[in-house]
Amino acid sequence: MGRLTFARKKSHSEPGPGDAGKTGSWRVLRPVIDVTACIPAKTKKMACFNCWLYCPDGIITRTIPPIIDYDYCKGCEICAEECPAGAIRMVEETEFIKKEQ
Amino acid sequence: MYVIESGNVAAANGVKLARAQVIAAYPITPQTPLTEKLSEFVDAGEMQAEYIPVESEHSALAVCIAASSAGARTFTATSANGLLYMNEQVHWAAGARLPIVMCVVNRGIGAPWTIWNDHQDSISQRDAGWIQLYACDHQQIIDMVIQAFYLAEQVSIPVMVCYDGYLLSHTYMPFDIPEARAVDRFLPPFKPAYALDPCRPANLNTVTLPDIRPDIRGDLAPGYMEIRHNLHTDLRQAIGQVAEIDERFKDTFGRGGFPHIEPYCCDDADVIAVCLGSLSYQLRDVVDILRQEGLKAGVCGLRLYRPFPDEVVRDALAKAKGIVVFEKALSYGNQGALCGDIKAALYQCGSRPFVRNYIVGLGGRDIRTVDLLAAFRDACTAPAHKTDALEWIGLKL
Amino acid sequence: MPLSLLCDCPQKRLSMTKEKIIEIRWHGRGGQGTVTAAKIVAHAAFRSGYHGVVMTPTIGTERRGVPVFTSLKISKNKIYDLSPIERPDMIVVLDHVLLETDGVLNGLKPGGLVVINTPKPLDAYPFFGVKVAVADVTSIASQTGLKPGIVNSGIIGAFAKASGLMAIETLADAIKEEFKDMRPNENVKAAELVYEKTVSGVQPDKK
Amino acid sequence: MNAKTTILNLPEEELVHPGHRACAGCGLSILYRFGLKALGRDTILVVPPSCLTVLQGLYPIAATQLPCLNVTFASTAAAATGIISALKVQGKEKITVAAWAGDGGTSDIGIQALSGACERGDNFIFICYDNEAYMNTGVQRSGTTPQGVITTTTPIHGKRQQKKDMPAIMAAHHLSYVATGSAAYPLDVYDTIKKAKTMEGPKYIHLHTPCPPGWGFDTRYTVKVGGLAVETGLFDLYEIEHGVFRLTGASKKLLGKERKPVSAYFETQTRFRALTQTRIAEIQQQIDAKWAGYETEKKDTHT
């Protein structure tokens, strides 16, 4: 019995993103980073990254500036809450929809 | 090599010859001497295996499930309430398609406590998706254990090798221990299609939706129902594989020829007794007596109970005028489970034999040959007034 | 076939198929080695051409000191019937005190044999219509250097002599194997000495 | 102990795929991210039914990039034993075996198998993420639900019994390593698991895991609420290494300092709404007594 044949005979799941789909659609508020206040963005130094650390979904990069993957960000606001510089603002998703329109 | 030993020791030697790699077990009468023997083999270095002294039967099967998922040949054994304590794991092992071999040393189940033989324990697990084999003597136990590993690994379905507590487990009989080299030729090392591996990660036994769903490549993967359908289909196919394996075994070891059922004097029989386990051998003596009396009696022991070899059973039984099912278990409030299966198998026949159902030997009640003889003779000589009603042998009300 | 013919004497017919099987019941106490004694005889029987050998120890919760029994069936052919012995051909009693308990001699066939480890003489056992064999296994065995109370090898000597089923040499070999780590020579010696000293006789029926 | 890991030198690679099914703001998600980073790819996981089962994905997609065996609720640690023994017979002992179970799967239904595996001394890490109730089935009380907490099975007066002290039970098994952690301190959790990996035999790590829907707080406060449990001295961070107890991380820093009142923690969550002022005062006394003990121990070890 080959691996795939066998895998189909039982619950054999393979790793991949988006098991729950694009979880960005769960979001009501969108975290937006103010690069003028964000410590690494402002100082151009690898520093802080509390948003990266505490993000439950691992969808913020440890880069200058940090980038949020809105496809998957569930909008929990932990990043905004934990940002020591208050650089992350939560914005109503509806505003972006209006803008797109 | 011929030895005179107990049925439990026969089973232990089968496991040793099969080179089981992980053994987990918890003591329960009458299974205990089997795993004691295995721990002795491992301790003495006669067997290269991990012997895990677990803290419960539930964990015994958990160890086997996990070890098998990680690519090891695994074995456990239990009896009665131990098997029931495993119940959840029994079903799990089948759904996870793991080729675990487990000896069930048949014992009645509580309450009230009994340590003696009947078949209620393994019969209660008949719908779990395992293959169930029943042995009649020590030679069958050791041969069956070796074949069970091969069968389990061929079809990725766990196998229960059931044998009667005390009657076989603790009784000494002569049997042949096959040569290790011959067994190695018969049973190659376990090579699973997939084993847990950090280089090829997979998440096994995850929640599975009622409906089908695309996988990461976009191909549709089965839903729960398809996975379960696969198990059923593969179990049905295993009936044929049991026969092939029996033939292979016979070629190597010279024993076999009865993969599904073991009929005795059935060809011209008017009335055939059907049963599981060592009882079918005891009934051979009864058949001999009835034949001396001029009655065309026969007995058909089932070695394979799940998957149920209904076509084979039909072929063997359909020509008879009557069938007498002797059972050491029953579906309380209905009839013997085996009897129900036999009736279902015969339902399609044009002229169906009558089917009588006798319950015997629950909780180790002595099964006296004279009692069997009386019941069987009664079925042979006065079939006209036979009904479907369940009858009990040896009951002292 | 008329029903009346079919039903006559099932016991007799049963014995017709069973007569090829010799049934021996061993009585002792838990810890006395009753199972071992029966096992040694089982091995010797197998080697003497009895291909059917079925030995069933006491079924259930065995505890030290409790009266136990072991069933041994031997036959030239394979034995299919695992049911308990109801009509033994022979009964071996490892401790004469057990005769005071009920059931030890139950079911013994007329013309059967009782082998007893006892310090008492043969005429202390006036069992009618059966052959009785006695030997003081306990004291004979202790003379060989075995620990007092080891009687399971010695009793085999008495059984061998009284039953005549198999040669004492075959039994001695089986004893040696079973006791290979536990004074094999003394155990064989015990069996041989007891063999010499076993006396037996049949009490004639009073009638 | 090695130099403490910092945000900057934590491994970059994420071993949990995004888009998984955990709730927004899930404390377990934080722990699992850093837990897997610490365990590394050469690991096999064992998971019983829990929120983690859902987080890890529904067939045929897995959110985790490590091989994982889902097992029955009561069998987690025994299954770990099974994997360990299979790896042993195949000469693959270098692979780490780690079990992740919830508080129910650890302290209630899973405790028999866990105790058995620890008594056997099997070489694995057992991680209990304690969100203090059966969250996956909708917030029912568990053995580790604290006294007074409202759950769906303690709906009016709150749980009447004390929280089961799981790490103490595990310490009684004489393990090489028992440690606690919290989702509010992921760096410490990372270091703790890294350390556990270097130890022999069974290791037990108990992680306090805030759960926004189960505890009744806004998702943004997961880290804050977890932090308060530690800062008030209610949930302590410590390790017991070969029988030697010592406070660690944020709890160690509380020694000799004034702690926040426990009411500050209770106020953040609706699950404590049945607590009376008297009860809160009693709990505060218990905490104070416990910390008085820590202070004494500290003095004793220093003199």
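When the chains are written out, they are named A, B, C and D in that same order, and each has its own residue count from 1.
Methods note: a contact is a pair of C-beta atoms (placed from the backbone, for glycine too) under 8 Å apart; a residue touches a chain by one contact, two chains touch by 3 or more.
Remember, it's a predicted structure, so these values are computed and weren't measured experimentally.
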Fewest touching-chain hops separating chain A from chain D = 1
Remark   = A count of C-beta pairs in contact puts on top the pair B-D
Request  = Identify the chain whose mean C-alpha position lies nearest to the mean of all protein C-alpha atoms shown.
outcome  = B
Centre-of-Cα separation between chain C and chain B, whole angstrom = 35
Task = Provide the C-alpha centroid distance between chain C and chain D, rounded to the nearest whole angstrom.
result = 65
Remark   = So, in whole Å, the Cα centroid of chain A is separated from that of chain C by 83
Ask   = Could you state the distance in Å from the CA-based centre of chain B to that of chain D?
value = 43
Key: Overlap residues in chain B, where contacts from two or more other chains coincide   = 201-208, 215-216, 221
Ask   = So which stretches of chain C touch two or more other chains?
value = none
Query = Hey, what residues on chain D touch two or more of the other chains?
reply = 57-62, 64-65, 70
Remark   = Interface with chain A, chain D side, in the complex: residues 7-8, 10, 12, 14, 16-27, 29-30, 33, 57-65, 70, 186-187, 212, 218-224
Query = Given the complex with chain D, which residues does chain A contribute to the contact?
reply = 11-23, 26-27, 46-50, 52-59, 62, 69, 71-72, 74-78, 80-82
Task = Would you tell me which residues of chain A are touching chain B in their complex?
result = 1-3, 5-16
Message = Taking the touch rule as given, give the residues of chain C at its contact with chain B in the complex, in rising order.
response = 1, 3, 5-7, 10-11, 13-14, 16-18, 39, 42-43, 46, 51, 53-57, 59-61, 79-84, 86
Key: Interface residues, chain D side, partner chain B - complex   = 41-44, 46, 53-54, 56-62, 64-72, 74-75, 77-83, 85-90, 95, 112-113, 115-116, 119-120
